[in-house]
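One chain, chain A, links the two complexes that follow: it is found with chain B in the first and with chain C in the second.
Now for the complex of A and B:
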């Protein structure tokens, strides 16, 4: 598959704070990527570097196979809807959309109008009159209608209620199905968006700690629950890496690295230990835990 | 009825495959009938189309669905029987084993379970 974005050893510091530490990654054309990370992990910095809104201290960015920094031709093929847009407060939604249409070469004005209707966004309203939720809707309308080869949403559903978020996910899938292209979606709402993503990119403190299909990421760990004494015995005998554990009375639930050895799996039923998969959100919490590994030390 | 909810605890693509199988099993989808497209499945379940495609590909590999180029996916002849055989094999591990485990926790004698099943069958026949 074609690489749409290739990043090599990208670093960015703000004074003494390292926002990105020698980050490398490669995105393939035509996928929906989830960009996940705790606050301050470097997500927004990364997006700003991709779109030349910021410049890196070192490293390289290639867009569509070309050098990416300040490459106007390549940047025209990207629509990035940041968390905060700086549209003129007195400008009406209709005018903002007209500007967007002149800015993005593949912008579909009819579709933008249809989306305004679908999300009940009144095009006559001035930007400053929009609530947080409607501001998000405007970004969604521009991002989807741009039909750009690479569309980036930073927290697209901020301030949207559950119905609005559901409508966004559905609209995104329908539009993506019809016109497959690449999306990067940065979000904190992992549980509700995990099924939308094909791959997830997980950042922690400025570094890439995991990037794989959501399906594969979910296979990396598993929750075992049952009698604490039996679990502890099993975990130490098979030297399982315990990512986290919760104890209550004689019972314990341990998240352990997967896959488990076949012999271990075979013992579970007899020991009355239940096995359940881990959601992407739980995996994310384990992976980005600042103190990850402390439980492993306790057990081993 | 088609189940419209997916379970967060299991692989999404496996559930997509199972739901299509369920429909074939209940004859909601007949042999040589076209199955919903990947995009329709993705929209219905609010999932990435690649995931829906993976579920459908699994059934193609197993010979339950076949592809007609340019048109879509169809239910293979003999798919109903094939699923029946496969599911029957799974029945004991998937349903009976957990039941026996729970019965053990509750100190229910296996003979009690046998008696219950016999009485149910008796009621069904009368």
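Now for the complex of A and C:
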């Protein structure tokens, strides 16, 4: 697959605060990426640097094989719908969509109108009259209708109710299936959006700590639950790397690095210890804890 | 979509964003200057004539020039943030935005110049006409058209230059201030408005205390030149060019500040 975004040693500081620290990554076309990180991890900064809305202190960005900074040809193949409000408050939804259609070469106005109907967004309303949820819906409508080669959503479901979020995920998947392209979705709602991500990019304090397919990330660890004493003994004997643990009375649930040795697996069954796949959110919370290093460092 | 196409689209958007405010301003101006007096059948004959007749007088409206200049300065300042942010959201580079802002500024200044001349004609009309019936009198109309025909072409060119350059300068001035406010935030904004707000105090003081500054001010205002209108016009064009350069510096790689 072709790389549509290549980032090399990208750094960005705000005064004395380092928002991104020599970050390097490569994204392939035709995938849905989840960009995950705690508040202040550098997600929005990264997205703004990709779209030349901010400028890096050092490092390079290549988009579609060309230098990416201030490259209009590359930029017009990207639709980035930010979390912050960049639309004129007095402008009507209909006008915003009309302007978006004139700026994005592949914008589908009929689809935009259909999405407005599906999400019950009234195009006659002024932007300032929209609730937080409907502001998000408008961004979703523009982002999906733009049919850009790279579509970026920063917190796309902010303020949306459960039904609206579910509709967004379903619409995104349906649209992606029909017209495959690359999406980067930055979100804090990891559990409910994990199923739509093919790959996850996890940032922590401005650095990339993990980037892999969600499936592989999940495979890298496993949750063991059972009697605390049995678990502790097993973990100690097989020298398993414990990523996190929760104790409730005599019971314990430990997230350990996978794969487990075959004899260990056999012993787990004998000692009535349950095995379960780890959730992406659980893994994310553990990985991004201040005291925890990169996944690779922990399990090596 | 080529880069030029993109530039034109940005320009079209920027023109669309000022179109409605300009119409509202024009409506209010017409209502205040002509609509209400006409409705009340108020005769303005004998009152202050803004643009007196004669080949050496200005045929554009001085009142509109000042009102329009204030509107463009405030509009240029107030509208920048919204426009810049929206065009960023539509994946446009700062270069396109800068180019489009210049094209828009020139187009609006040209439009306001045309309206200023139209308003000058209105002033002549309404300063002399008591009732609407007289507007239809061909004899009366010819007296309004005469000053245009009788105007010296050289003088007319100077006046067009002056009015256009004045609108261009103030619109650019508002936008330049807005660009730096956007870039540097509250510190610049506060300092700018304090300096700008008190300039009517310290500029006259400076002309009184500094001989060099006084001479510069007299030269800038065309004192002693052969044609005041042309002199002031090109001086303002030079200021515009400086503001264009300054705006370019301010907008160069201007990061999003929303």
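As a convention for this text, the second predicted complex is superposed on the first by the 292 of 300 C-alpha atoms of A that agree within 3 Å, B and C clash if a C-alpha of one lies under 4 Å from a C-alpha of the other, contacts with A are read in each partner's own complex, and residues count from 1 in each chain.
The rule we apply is simple: a contact is a pair of C-beta atoms (placed from the backbone, for glycine too) under 8 Å apart; a residue touches a chain by one contact, two chains touch by 3 or more.
What you see is a predicted model, and the numbers here were worked out from it, not measured in a lab.
**Q** Just chain B (first), just chain C (second), both, or neither: which does A:196 touch?
**A** Touch partner of A:196: chain B, not chain C.
**Q** Touch check for A:32: first (chain B), second (chain C), both, or neither?
**A** first
**Q** Counting only touches as set out at the top, which of chain B and chain C does A:14 meet: first, second, both, neither?
**A** neither
**Q** Now for A:52: first (chain B), second (chain C), both, or neither, which partner does it touch?
**A** Touch status of A:52: second partner only.
**Q** Is A:269 contacted by the first partner chain B, the second partner chain C, both or neither?
**A** A:269 contacts chain B only, not chain C.
**Q** Looking at chain A, which partner touches more of its residues: chain C or chain B?
**A** The partner making contact with more of chain A's residues is C.
**Q** Given the touch rule stated above, what does A:70 touch, chain B (first), chain C (second), both, or neither?
**A** second
**Q** Where does A:169 make contact in the superposed view: on chain B (first), on chain C (second), on both, or on neither?
**A** first
**Q** Under the contact rule defined above, give the chain A residues that sit at the interface with chain B and also at the interface with chain C.
**A** none
**Q** If you look only at chain A, which of its residues touch chain B in the complex?
**A** It comes out as residues 31-32, 166, 169-170, 173-174, 176-178, 180, 191, 195-198, 214-215, 218, 269, 272, 276-277, 279.
**Q** Tell me, which parts of chain C touch chain A in their complex?
**A** Residues of chain C touching chain A: 1, 3, 6, 9, 12-13, 17, 82-83, 85-86, 88-96, 253, 255-256, 258.
**Q** Going by the contact rule set out above, which residues of chain A touch chain C in the complex?
**A** The touching residues are 48, 51-55, 70-73, 75-76, 78-82, 84-89, 91, 99-100, 102-105.
**Q** Provide the residue numbers of chain B that touch chain A in the complex, in ascending order.
**A** Against chain A, chain B makes touches at 6, 8-13, 38-39, 42-43, 45-51, 54, 97, 101.
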